[in-house]
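Below you'll find the structure I mean.
Chain IDs A, B, C and D follow the sequence of writing; residue 1 opens each chain.
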Amino acid sequence: MSSYYEASARERLLGLLDEGSFQEILPPSARISSPHLRQLDTPAAFDDGIIVGKGLLDGKPVLAAAQEGGFMGGAVGEVHGAKLTGLLERALDEKPAAVLLLVESGGVRLHEANAGLIAVSEIMRAILAVRAAGIPVFVLDGGQFGCFGGMGIASRLCDAVVMSEEGRLGLSGPEVIETTMGVEEFDSRDRALVWRTLGGKHRYLLGEAAGIVPDAIAAFRDAAIGLLRQAQAPDLSLAAMQAEHRRLANRLERFGQCRDAIDIWRSLGIEEPAGLPLLEIPEFVARTQDRRA
Amino acid sequence: METLVFDYRDGKPVPASNRPPALVGVVGSGNLEVLVEAHDLSGAARVEVVTAATGFRPIWQAVLDDFFNRHAPSNILISINDVGATPAVVSLRLDQAMEAFKAGGAA
Amino acid sequence: MRDWDTTTRNRDQRLARAAPLTRGKVVQADDATALLEAVLEPGDRVCLEGNNQKQADFLAKVLAGLDPAQVHDLHMVQSVLALPEHLDVFEKGIASKLDFSFSGPQAGRLAKLLAGGQLSIGAIHTYLELFGRYFTDLTPRIALVAAQAADAAGNLYTGPNTEDTPVIVEATCFKRGIVIAQVNELVDQVPRVDIPGGWVDFVIQSPKPHYIEPLFTRDPAQISEIQVLMAMMVIKGIYAEYEVNRLNHGIGFDTAAIELLLPTYAERLGLRGKICRHWALNPHPALIPAIEAGFVQSVHSFGSELGMEDYIRARPDVFFTGPDGSMRSNRALCQAAGHYACDLFIGSTLQIDLTGNSSTATLGRIAGFGGAPNMGADARGRRHASPTWLKAGREARDGSGLTPRGQKLVVQMVETFREHMQPAFVEKLDAWELAENAGMDLPPVMIYGEDVSHIVTEEGIANLLLCRGEEEREQAIRGVAGYTPVGLARDRRAVENLRDRGIIRRPEDLGIDKREATRDLLAARTVKDLVRASGGLYDPPKRFRNW
Amino acid sequence: MDANHLINTLFPQGAEIDFDGEFFTGTGQVGDKIVAVLGTQGGVYIGVELAHRMAGIVLDTVRNHPGRPILLLVDTKGQRPSRRDELLGINGYMAHLAKCLDLARRQGHRTIGLVWSQAVSGGFLASSLLADECYALPDAEVRVMNLPAMSRVTKIPLERLEALSLDNPVFAPGVENYRRMGAIRDFWQGDLAACLATALDSPTGPDRRRAHGLEREGRLMAYKVAERVRHDPV
């Protein structure tokens, strides 16, 4: 079983799509890399840490992007961001069955912070434009660096997020919080705390992630196919936003006083909440059925 | 950062020179990416290295000499972005990249 | 007439001074400072229990907080300097002399204090040497030890991390010294008696449980494919060929890779039941899959490992556990086993020179030795034979006319370059310069070249047993030193000749396909895999989790 | 400039704004138009409650006042870096705010952001950067991270960053850098009310920030790369 967590972005993408179907746009040989890194004496990558292209999933045409966490933590720079925005806008022309985003990103790349921040904003606008055009956008999150910063926001603009337990999703990373607010606020070395706050299981129980899968490329592929088969036209109506608004209000009301994820899981009525992190995914899903927020 | 270029002659032709490029590895600490492309270099082969670790030209030379003794490719351009990978990792990636290239590009 | 019981009377005076502080043996934590002030005298030899893992941290804080006007010029005799307080006592003028074994985390600061004249070092020992000196000329006057629990009579239960406690207490108590123990809890009855109450003078319940460092947990996620390749070479080229069954592993990722390849690669080679059956080893979590796969028959440990308690309890056939189910781990005895009873030691190092001497010394740090020099040395006093020991002895002596005898396998396993392109092979060890700067008698060599039998790198295995003469040995080392300056300076023809004779063997010479060396070969690729392999019994410390 | 002064300057015809601590909302009159106003002062951290509250105002405006322009006057030093906010899924709350603003845009509301004090990182992303256009006062501050912190994280010497930032807009804080890169449409100075009126009357369209970044020579790659990815044949 091939681990999604350990694989490179390229391996994930090739393993996720139908075999032999992936065609890369602006591949490494095009050498579209960051001019800014070079200027700061920092090594650049031929694909600027993101692979974009088209392929088939379950026989249906899709556009897909994969961020490489091993290169600068998957952080978004000018070129990296423009490749993702361009791909999303391509969906407006090609009308694929879906756009798949294999995210792994610490957020904005500091070496080109302004370009990165604006790029994330453009990605966000583009995601919403694609969805408004009736094309679903699905996020897969199971890489080593998690998904933080602007990409954490962007991910939640999409139709669904599928995570593994090892995946993380948030806005400020634990190290950032520890640095700014102190170790008492968030001890980033307490990895159990980090994962039960930001990891796949909590996101799934909270309703931030639509699905949770074991750490295997094949499991992510199956989940993506599942999403594709059940896909409906994205609903961005006022009614849908109001429903989401109530859901988020409800979350604040129910869990706003909770100090820890375990408190939240307990208030969800889950038995032995402290034991959840140890459960394998099928057992976890069974144990928490009908208990998700 | 340092850019190093190495040229090799008298290699053996790699069959079917219109193969798609192959890329292996990641530009992360202690690692490197290796891009192998068919390139008409009149029978020569060229390696272009951009590395974050400066001052190691003789070691690159020795690693690449051994690589060419193993594979002896011609009409090939190998481009490397390196973040201080050890020679062991460099040799491994070079071998993997050649293998992927001969297999048709997929990493 | 000569007085023959001055130490006894002195002891009685000290106890009398402490008497108002205690009813029976129990002293309140608030009175700990007063207790130490009462029993300590300037110039005392003090053992403050500092282990690899378990730390008498509360007593260390109290000691470091004493008034140097009252308590000064102490001579500290302890195996490990792990906590800042272990050096604070020198900085504050409470102690002035030091004998120790290992100072890993405090090595840089120790070097500074030494340079600043704030302490003098008696000697840097191995564990066994220091323990030996406890029973000769460095017997502690006061021992400050740590245990899990005590009862009112002073019986101590050390918990699974027995470590140095028995040795320290025995040396101190039977030479009329004073033993003070900090314990995590006071109980009516201890689960088992590790130290009899009669050997203990005072117990103090510390405000917080003593600190334990998880020193032997290696996250399989960090094992590289290069390390997998090297582990394959060790299994096929050394363990299988010498039928290694009694052994000790170092604590690095290289050796963790070997442990994780036993259930996969070694199993495929048909080696289960033929190698790696008996270990002198801390309970490495990375060994769990091999234990579960039936490779391992026994493990005796120097100390325990955090999170392994329940697993150990559930595998009494393998580990040394008490009637209560928890481990007893006596460092002195395990060191003796490692030195005399094991046929092989394998570990990593930072630098190896052209004669095979290896050192972990780096400039500006005085890190000491721990136990590696005893593990990684041929036991010349050994007499019992084993196939492994005999084969190694034969290889080293064949054709030389020397009296036949056996030899331990001492294997150094290194990648030719460490992080940041630091070469592992050097013409001259940094240890020489360190010795000069710090005024040491000898360069701090961890393992002497004359004891090393094999060097394994990603380039191959050099069998030094088979080398005849200094020249051959040097070329054998150069021949596996890769692209380091030492390796590049090899005599290529001599190296090829050594290869023809099987003194140097490359992966392909061993029938190993490098492409097979991927992380997929590891029996566990994550800490969670280790938990799975243990059937949920292993409970890793939170810093090693990603769930 | 404080928020009161800003509002008086923007809406000489009058505005009804309710202040609740650092948060304020209400309406202002511009010619014959009523503009919904939504903002913060004091450089607040945006946490889950505030993001949710702002989203609620946008939704109310869409539901009760179709087509009413929305002016964002958000003064923020970024998302609130806290364990509790992360535990509750702050990125989801930020995304919700963004979706609501996008809904307003699609429903025909003009959305305009004005960076009048400071705008930092995630707080900026989920608010003013989501508007049709974002403007700024010339003395406002925009940044992801200040240079000393950036130097610590990237391990690039501060002097190097400072030297490069003199003529390179790509990483250093500064509202002019964001204008050159196309994220800030323009500066508002002098008669702010007139600036607002002009902005409200200017035509809207798709996201043009990359094109502006190219025209202003602040962002040379983004436009071309995105165009190629969109149109290159495969």
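Following the convention adopted for this analysis, a residue touches a chain if its C-beta (ideal position, glycine included) is under 8 Å from a C-beta of that chain, and two chains touch if they have at least 3 such contacts.
Here the structure is a predicted model, which is why all the values come from computation and not from measurement.
When the partners of chain A are compared with those of chain C, the chains appearing in both lists are B. When chain pairs are compared by their number of contacting C-beta pairs, A-D comes first. In terms of their C-alpha centroids, the spacing between chain C and chain D amounts to 58 Å.
Between chain B and chain C the centroid-to-centroid distance comes to 42 Å (mean Cα coordinates, whole Å).
With each centre defined as the average position of its C-alpha atoms, the distance from chain A to chain B rounds to 33 Å. Mean C-alpha positions place chain B and chain D at a centre distance of 46 Å. In chain D, no residue touches at least two other chains. Among all residues of chain A, those that touch two or more other chains are 41-42. Shared interface positions of chain B, i.e. residues touching 2 or more other chains, are not present.
On the side of chain A, the complex with chain C involves touching residues 3, 5-6, 165-166, 189-195, 199, 201, 277-278.
Residue ranges of chain A in contact with chain B, taken from their complex: 8, 10-11, 14, 27-29, 31, 38, 41-47, 49, 68, 70-71.
On chain C, the positions that touch chain B within their shared complex are 224-226, 415-421, 458-459, 482-483, 488, 514-515. Of all the residues in chain A, the ones that touch chain D in their complex are 23-26, 32, 35-36, 39-42, 52-54, 78-79, 81-83, 85-87, 89-90, 93, 108, 110-122, 124-126, 128-129, 132, 149-150, 152-157, 169-172, 174, 176-177, 180-181, 185-186, 197-198, 202-203, 206, 208, 236-238, 241-242, 244-245, 248-249, 251-252, 255-256, 258-261, 264. Contact residues on chain C toward chain A in their complex (touch as defined above): 221, 519, 525-526, 531, 536, 542-547.
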